[in-house]
Amino acid sequence: MAKVVIKITGKLFAQGNEHVIKELAATILSYAAEGNKVAIVTGGGPTARSYIEMGGSLGLNNSLLDLLGIESARLNALVLAALLGGYGYLPIPRNVDEFMMAWSTDKIIVLGGLQPGQSTNAVAAAIAEMVGASLLINATNVDGVYDKDPRVYSNARLLRTVTIEELEKILAEQESRPGKYELLDKVALNIIRRSKIETVFINAFKIDQIKLVLSGRKDVGTWIIFK
Amino acid sequence: MAKVVIKITGKLFAQGNEHVIKELAATILSYAAEGNKVAIVTGGGPTARSYIEMGGSLGLNNSLLDLLGIESARLNALVLAALLGGYGYLPIPRNVDEFMMAWSTDKIIVLGGLQPGQSTNAVAAAIAEMVGASLLINATNVDGVYDKDPRVYSNARLLRTVTIEELEKILAEQESRPGKYELLDKVALNIIRRSKIETVFINAFKIDQIKLVLSGRKDVGTWIIFK
Amino acid sequence: MAKVVIKITGKLFAQGNEHVIKELAATILSYAAEGNKVAIVTGGGPTARSYIEMGGSLGLNNSLLDLLGIESARLNALVLAALLGGYGYLPIPRNVDEFMMAWSTDKIIVLGGLQPGQSTNAVAAAIAEMVGASLLINATNVDGVYDKDPRVYSNARLLRTVTIEELEKILAEQESRPGKYELLDKVALNIIRRSKIETVFINAFKIDQIKLVLSGRKDVGTWIIFK
Amino acid sequence: MAKVVIKITGKLFAQGNEHVIKELAATILSYAAEGNKVAIVTGGGPTARSYIEMGGSLGLNNSLLDLLGIESARLNALVLAALLGGYGYLPIPRNVDEFMMAWSTDKIIVLGGLQPGQSTNAVAAAIAEMVGASLLINATNVDGVYDKDPRVYSNARLLRTVTIEELEKILAEQESRPGKYELLDKVALNIIRRSKIETVFINAFKIDQIKLVLSGRKDVGTWIIFK
Amino acid sequence: MAKVVIKITGKLFAQGNEHVIKELAATILSYAAEGNKVAIVTGGGPTARSYIEMGGSLGLNNSLLDLLGIESARLNALVLAALLGGYGYLPIPRNVDEFMMAWSTDKIIVLGGLQPGQSTNAVAAAIAEMVGASLLINATNVDGVYDKDPRVYSNARLLRTVTIEELEKILAEQESRPGKYELLDKVALNIIRRSKIETVFINAFKIDQIKLVLSGRKDVGTWIIFK
Amino acid sequence: MAKVVIKITGKLFAQGNEHVIKELAATILSYAAEGNKVAIVTGGGPTARSYIEMGGSLGLNNSLLDLLGIESARLNALVLAALLGGYGYLPIPRNVDEFMMAWSTDKIIVLGGLQPGQSTNAVAAAIAEMVGASLLINATNVDGVYDKDPRVYSNARLLRTVTIEELEKILAEQESRPGKYELLDKVALNIIRRSKIETVFINAFKIDQIKLVLSGRKDVGTWIIFK
């Protein structure tokens, strides 16, 4: 039995992607049916962006904007948990205590954000550390980590492995282009580093990638290596 | 000191309407500052519709679709509560117990839906009955109740007053055109009838209407009359 | 494995009926032991009536009277859940979130009411819809649905099947004689209709009826038919 | 501003006593309106007795029977809290954390039992100690503490004062006649002793007694004296 | 399958005892793995004493000091629950409702105190009664109950059995020497007496004792006998 | 009316410091009595260190060690909240939702940690941002921020102002000497930067410093300056 935490980009949760969402749910159900324990963290996606923009126009502070993002992420979590039928845990956990209660059952747990000032990537890392997950899968909308931003540079090269230090450097550059290209935030990075959590970055929109990774394959996506 | 419950259509909570939302918040803050106690119920609006459509394509059952609508309505409630600054209650109450706890403070309470199988109109009516509100304001996207559907018939006439029985008849016709024209559901109607709750239908997009009604004017919108 | 929701009239929970209550618990335990998942909703019964009368004399509003009925129903739920020993879930869920948490365990869930303005029949229907129950059993103190009120007309005839429309008509007549003869309320009816929930009305005091229905027999009680 | 905790016998909460309940509520409201802070603990009364008898016939263990008593006491608490209108806290607190949250508001708090193995008298004493109450009023169905059981001995004499040690002796004798004559249990006694809580026993059915005691009079009921 | 409740003295939870704590966790895990259901109540130990002393110097009342002891006991409970890995329930239950929810899962439940005015021994007894435990193990820092205080009298004799009445007498004497020698309080004693709960006193620091008792041996520690 | 968030080092909460703790409570009470709204975050201090060491010897993972630190910080929060008497909020909030509920009352809120992977400094910054605090006071066990570690270098110079960039550099050096010298973590820093929260570092053990800062003085401690 393996324990796995999967972060799914919120961009997946939009009309038009139902086919991918269904395949994702089926993949997770079948992996859990083999006796594995799974927690999933969903991002806020377009709903979060739209509410955060509206909140910004209304003059709300950053924490309140974060709360709008968190609730949007929970809405996406609800879609996925509902789709898992009797195998998904409801209601969506809102804090660490509720997550631990949920984890005490034999259900698949889906959650969104937990707290302002913290990304859903940080939530996924914290959850992975807490339950002692053997793998943290970070499924974004690109195939992994690139040496440059793939949206800007056509010659950006997908990395097979990356050290924490390289990732930190890429993150530092990334900060100046918010919203462009999503990876980890510093909280997530610190947790992954301090507990040496096995972590891979893949593409949420290509279900084969998640299937391969769950089946034990290491030649998909970008893997963090610890020295 | 008056106790007032206001239902706000979820259609208001969309980018582009920030100006109206701000005016609404200012109006409520100023009314509360005069010593009145206010609870607000927000609808799910376009976010609810979009998630319910996505959930429908995914094959979720009606209760789960309702839950998506409820969480969407809570997201809208969060926007408004956040905008009320230190005067709005957070977190958004999720059930009757939490509403009562919130109502025990001196804050303005904003909430979304509470339970599948029940509209946010029913929530507003139940809340109004529970706290003994002197007025239930139902603010939709039209100016009140019409003798025919104003979207279909250009000669539809706005009614100044309506009996529960007339409203029931209009509702019965309305049912066959879901999503077209929103008023009350039967649960709301039963609560209003059994407790003879003073109720007025106005337009949420015309802030003057809510200002006039809160100032005691009876010549705005459509009022339910009890025989 | 089947998922079944059973509404039990609160009239059962009174001294003198211990023998029936014990048989009911044994029947449910044995049905659950076969691998079926069961949720039970209890009515408020004589305790509710007595507290609602007292509350009425004290001048409480309808919502507060409903709350007294809800807490009475929860007291009855506690009796049954306690009697199920280690197989019944405690504490009694107080809202939809708590019900879903309870449902995530492998226990039998017993609950009372959830919200003012809503009968325990509506709760049972909402729960049945939410969990995708294959059967909703409504166990009252008569053998099913009659063409006339069996308390008034000695020639009232028990119906084997009833359409939603017929049930609606019977309900409409029933409303003028509150407390006389309990079936569904409109919320329950709407949920059953919209999700075409398989529903049967039987007598809670005749345990053989519930045993037969749980064993798959269709020739007991009154069944709702959908066209 | 004084802080007062009042234990009210559950026997008051029965049809026929509405007049006394109303006067009690009015007395408390007027005392609170003078700026005093009040918590009230209600007993389980006849509802508790009837459910405990039913539970006993069903073979439930003592803890579960206590839970039935606790929920019955909460039902009585709900009656009183509801009657206090906007001044009573809802929902009824179910544990120490919820009580403390409720006490942080400016409402009057009404609660029933908290935990099996502990009487509502013990709850009242614990609450009184926690909030630093200047007075604990124990309102039963007799005028105070007697040298013998007044139900048995017509020449029983009402004591004006009683030491903890005398009370302990009376309690020891009382134990052999359960349900006959209700005072404190040992938990309550220990708390009162260790914190020297000013305590008076009066008759809940004679509202003048509670009025006099709240107005500062010491010549009503039986007072505990500490050496 | 047996249901067992174990009270562990808080004195165990101190640096230097890690070896014993690990053995204890291993013993419990192996007992639970055989299909038994276990709840553990931890005492407050040195952390409680140190915070209670600090609180006393700060002038806090007895209830607040008890709360400090309760939170300290919960900290010890967290150590043990965390050490049980995926088999221990988290978060630590804070009241009876949360305990019952936790007990509805298949985890091992560890908790500290629940309420001021009540020792963790009383919590253990109440929990044992509620779940119908076949055995309550009270593991202190001595080998059982002695005819005199073993810290004072070198010729104190360990009793193999003790009646409730003898225990009561020993407790009465003990009261005058607070903190010296920990057994039961009166609440615990009353619960054990009224439900005739099989109870044994052993030494938490000698893991063999708990192993022997869990394996069914009756010749270890002191057993309460009921006439 | 100002809104202020104060982080207090956990090192203050140890026997021997009662005098300082009392002065701190008195200072906060008097500041709140002037109409200001205050939230306080306490660190874990020696209790946290001792439990984390014990947990480390037991082999617990980093998240579980963080949880031990969080509960220790809550124990310290309880000491301070209890000492504030009727003006401190209880129970100690355990997550963002509970903090917001507490903040809706007129009490002084004291809390410890909220989530693994995050320091109590981060909690203080997040809370300050959420409530729109005009000042965040970080009270450690030294007088502010130094150009070098004052424990190591006797010629370390106290800085009157520091930019976010300078602070970041100091923090980066600090990381290699855990536990030596406590300031902010990166989460806290990011929140302070993004919302330009007015922040000052002072010494918790010198109550005059907090008094001066609360009175509006800028010549105490080290202030963050934003360009």
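For clarity, chains are labelled A, B, C, D, E and F in written order, and residue numbers in each chain start from 1.
Criterion: a residue touches a chain if its C-beta (ideal position, glycine included) is under 8 Å from a C-beta of that chain, and two chains touch if they have at least 3 such contacts.
Just so it is clear, the structure is predicted and the values come from calculations on it, not from any experiment.
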Shared chain contacts [chain B and chain F, defined touch]: A, D
Recurring contact interface, reference D-F, options A-C, A-B or C-D [over half identical by residue number]: A-C
Chain centre separation (chain C, chain F; CA means) in Å: 53
Interchain centroid distance [CA atoms averaged], chain A/chain E, Å: 42
Computed distance of Cα centres, chain E from chain D, in Å: 30
Two or more partner chains touched - positions in chain A: 64, 67, 96-97, 101, 105, 132
Topology of the chain contact graph, where touching chains are joined (line, ring, star, complete, other): other
Interchain contacts (touch definition) - all pairs: A-B, A-C, A-E, A-F, B-C, B-D, B-F, C-D, C-E, D-E, D-F, E-F
For the chain C and chain B complex, residues of the former touching the latter: 61-64, 67, 94-97, 114-118, 122, 125-126, 129-130, 132, 186-187, 190-191, 194-195
Residues of chain F touching chain B in the complex: 96-97, 100-101, 103-105, 131-132
Touching residues (chain side chain A, partner chain C) in the complex: 85-86, 89-91, 101-102, 105, 107
Contact footprint of chain F on chain E as seen in their complex: 13-15, 18, 21-22, 47, 50-51, 53-55, 57-60, 64, 67-68, 71-72, 74-75, 78-79, 82-83
